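Below are two complexes that have chain A in common, paired first with chain B and then with chain C.
Take a look at the complex of A and B:
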């Protein structure tokens, strides 16, 4: 057990170190910006892996909380541009266009740095906690819970587009100030922004690892496998599920804030169905029961997607190729790339490598779990 | 000279040191690279080839590429070829921003032609403003933007409405129903329309916004029937245009007494809804495919022989086409070593080109174009009949609805 823990810790540490060292090797502003974007997606994948892979809650609306975080940061940075880039009223430009005459009350607290940064994590978490309390308290599970998360996201997206005098509507919130914190300017193209994202990713990853390794993490996995039995033992299943749902939302919110810094705008498409489904695909490809697998899955898939769509040869066919790859991976590797690698490593000891793996792995379920919902 | 070299060494050493410490400031390093090298000038072409707006954006991509091919076939610009770098932003604003960054920073394109929706333009804007690059935007839009990093070759509200609204009031009457999709473009167009209507003594009997992508117009059409407006001013966009026209026709309403007047219904939308549904309604635009000019004849023929005999040209593909020629004329004025986004912007100011719609010009103050508005009525064969055209080209005024603001070369001014 402890040997395995050390090994896992070493792998996680090595991967994070590699990610943190990228700017030493890469000194291209465009690439750093692009990689930072992929790392944000990696954080989203960790968030979904926690709720889907560990607790069996398939969240088809992960982008909702991502979007809330993103808008929190955008509102904060937009107010920083007032009154430099705005009309005579000293309001964000799109409010002037929509004939708003004074700063709406929901915008007022975003003048404070502390509030904004906390809000970007806590608002999504609170939102998810309320939603989770409703879903899990009502013992809604499986596909039905997934549908609710999807529906809530569509509603949130519509509200943002519709309330354009407060949200910038379809165009989103654009023309933002540069984020600066503790005297450091986080230019979207600089290594400082890359480090900010990479450090946040590292912290998130180890936090998620700690949770998954804790007693709570074990109970969550038990809930995923046999919810009724856990309930008979006297555990408050809804509370545990709500907790992990909110934690996952907080991570997504943080990712959203970073995304706004990296992309320099917030858009209702950040709360969109395409992004949410992409997260599910990344996690499925990487392996939903492995935090680092899910994270690397996101980085890998978005990286390949970017490279394919940028190469002239695949300009017309890249979506088709991506689709084919997903189908193949999901069919051939139900536990994703991480699961496939783990299975490979487990076979190796016969070939002489005795240290790296054991036959008994008490904390990992021996069987794959092919159905998408994860709960029965 | 010595001083320069010393400075260069200093900058180089600093850049090296910063790279080693992990904070590379590559701007200083790349700044010495010329934009036009090895006899080629790289430009970005950024239109969605997949996703929700792919159909319309593909036609813009085709018109842009055709113009580039034409220029290269005729010997390029001062002997240099234009090399297009084509990216697919997949109708997603975030991907638009990512691809724009690639084109500007990684490919070092000297300009980028692209985008259709306002949302995607807003998404790429920070990239061009921060890197001081140049974005060529061919689409009609709502105005109220004053960026020195965008050349706008589509129409702004005053260019589509100044002739159109009085003409409609005179011909059909003063009870107006405004219907639009719920976002900034229709709201801004209506803001200006209401000003014109007020001056003409006409009355707005309803102003209604439907969600983007809305396709169920029966309640709206019932209101048309009961309110009997003399003109329906439609700024509905995308698939909703198709639904609105089809349902209008299915309800048996008559365009002869209650026409829809649109700023966005082009040959492209008409092809999607079928000529029968569009027949009798009006559009105001600087260009229609049937416009009779030698330049347009050449354009339509070239487009069809390059991309297929059944293809239509329309007022956004036309501006996608002529803006590349404006780019060429601007670059032709520059020495190869001087070519950069900033020098091109300065060179294109006041530049004129004989476009398919007629002679157009880039306004030096606000980088929008002087255009030639026309009023067309759609016929059942999917083409428009041009009823009137403005006597002269019309000045672009992106702040037409806001007389106390003016876009100038120095930025937005309050008057």
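Take a look at the complex of A and C:
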């Protein structure tokens, strides 16, 4: 049994090491910035894999909590900039343009570094906990839960656009100071920012792995399989689902904060339907029941997408190509690339000892189609 | 035999109606601690529904359910389970995507908290107990088999083992031998006789041979009501029971 665990740790460790070593080979600042962006998407995919792949909760609004995290960081960095027109004690530029005379109360705590960094993770988690408590406590499951997550995101997006004087509205929050922490400056176009993102990704991945292998992770898989049955053993299913939903949101929030550092702005498009659906696609392609599969799925898809959209030859057709690939993979490999690779490894002769299955990645499980509606 | 034992469970005037159809009708039914009670009755008599009421799957529309002196019928399902009630369903219901061992770990639910279980990993203190349970139901060689690949009889046994892992004071078994071979049924009877005394059991069963093997007291339900109660011989001589089973091929074939 520990054989599989060791193998899993080795694979996860090796992949993270490769990611961490990229700046040794690449010293083009623009490329590093682009790769850091892909890694942020990988983190989002891990977040969705936890809730969708493990607990069967399809979150079509994962970008909501990503956006909250991203705005937390943007507000923090905005307050660090010295406004050009009003001087160092002045209000952020867009507030001046909107005739705001004093710093709105929600902005005040973002003058603190500790508060801002914690808020970027805890606010999304709290938001998701409240939403989850409402959804799961009310026994709303499957498609209906997914639709609520989507609707909430649309509302959040509209509120941000509407409250221009507090949020920068449609333009988002731009012209941010450089993030610096513990004496290190994180220039968006630098190896230090890449390392920051890569290290956060590694920590997140192993944290998610630990959760997935804990008994709580096992109970979540049981919930995905047969929610009703789990209750009669005395587990508070709504609480378990709310927990994983909030954990997933916290990870997405962290990803959002990093995204603001990498992109140097926050925008209402971060809470958009296109991003949310993209996350679902990455995770489905990579394999939703494999954390590392989902993560690599995101990096791979966004990487290929980036390459195709930049090349002359595919300028017009790349969305079509991506769409086609997605349909093919989902039809041919219901467990995504991770599932397909596992199936392949199992066929190899030396995989005889791989028979001992532990929970996390299903070992010899029948192929089921990704269930867009969750469990029930 | 049950006379001076402490009462564990009592249904008082328990009634449930589904959109006007009364499935359980003012049922008075009680079980003493340590008892093994069989509940029989023709198809549609309301046996499964009665178990549903006791574990919270369905809710009584009137009456009350007292367990260990507490009225539990207002509790949510997981709270009812935590007071010490375990349920095996008529359609065997295990976690098909998980392995046998993982299933047993889920069954072991003494500590049901999210936070507590976040720091518990497989191979913990319970492993030995769970392996013994697997041995008890003959699944010791299937620990890493996915539950979806088990035979029907094995699935039934796995669910029984899950309930034993849960270790509740009161076990509700809904047709545990359905789909089992004669040999498997005998082994199940043996198992139940071993459980006697350690747990209180309510067993819904159609197989009268099996019922005779295990029963102390038999309760007969018909049209949502308690029709008769007594030993196997008393029951089979009861004219009311005979009449209820008329047309369904006699008591053994219901």
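What we mean here is this: the second predicted complex is superposed on the first by the 348 of 376 C-alpha atoms of A that agree within 3 Å, B and C clash if a C-alpha of one lies under 4 Å from a C-alpha of the other, contacts with A are read in each partner's own complex, and residues count from 1 in each chain.
Convention: a residue touches a chain if its C-beta (ideal position, glycine included) is under 8 Å from a C-beta of that chain, and two chains touch if they have at least 3 such contacts.
Nothing here was measured: the structure is a model prediction, and the numbers come from that model.
Engineer: Should A:225 be classified as contacting the first partner (chain B), the second (chain C), both, or neither?
Structural biologist: second
Engineer: Which of the two partners, first being chain B and second being chain C, lies in contact with A:348: first, second, both, or neither?
Structural biologist: It touches nothing on chain B or chain C.
Engineer: Between chain B and chain C, whom does A:151 touch in the aligned arrangement: first, second, both, or neither?
Structural biologist: Neither partner.
Engineer: Touch test for A:10: chain B only (first), chain C only (second), both, or neither?
Structural biologist: Touch status of A:10: no partner.
Engineer: With both complexes overlaid on chain A, does A:233 touch chain B (first), chain C (second), both or neither?
Structural biologist: Once the two structures are laid over each other on A, A:233 reaches chain C alone.
Engineer: Spot which of chain B and chain C makes contact with more residues of chain A, would you?
Structural biologist: After superposing on chain A, more of chain A is contacted by B.
Engineer: On chain A, what residues does chain B touch that chain C touches as well?
Structural biologist: Comparing the two interfaces on chain A, one with chain B and one with chain C, no residues are shared.
Engineer: Under the stated contact criterion, what part of chain A meets chain B in this complex?
Structural biologist: The contact residues of chain A facing chain B are 23-24, 27-31, 33-34, 37, 87-88, 94, 97-98, 158, 161-162, 164, 169-172, 174-176, 189-192, 195, 263-265, 267, 269-270, 274, 306, 309-310, 312, 315-316, 318-319.
Engineer: Would you tell me which residues of chain C are touching chain A in their complex?
Structural biologist: Those in contact with chain A are residues 55-57, 77-79, 81-82, 86-87, 89, 93-99, 102, 105-107, 109, 112, 114, 117-124, 144, 146, 148, 162, 166.
Engineer: Residues of chain B touching chain A in their complex?
Structural biologist: 19, 22-24, 26-27, 49-50, 86-88, 90, 92-94, 97-99, 101-102, 105-106, 118-119, 122-123, 125-127, 130, 144, 182-184, 187-188, 211-212, 405, 414
Engineer: Which residues of chain A touch chain C in their complex?
Structural biologist: Contacts found on chain A: 1, 211, 213-216, 218-219, 221-222, 224-226, 229-237, 239-240, 243, 355-359, 362-366.
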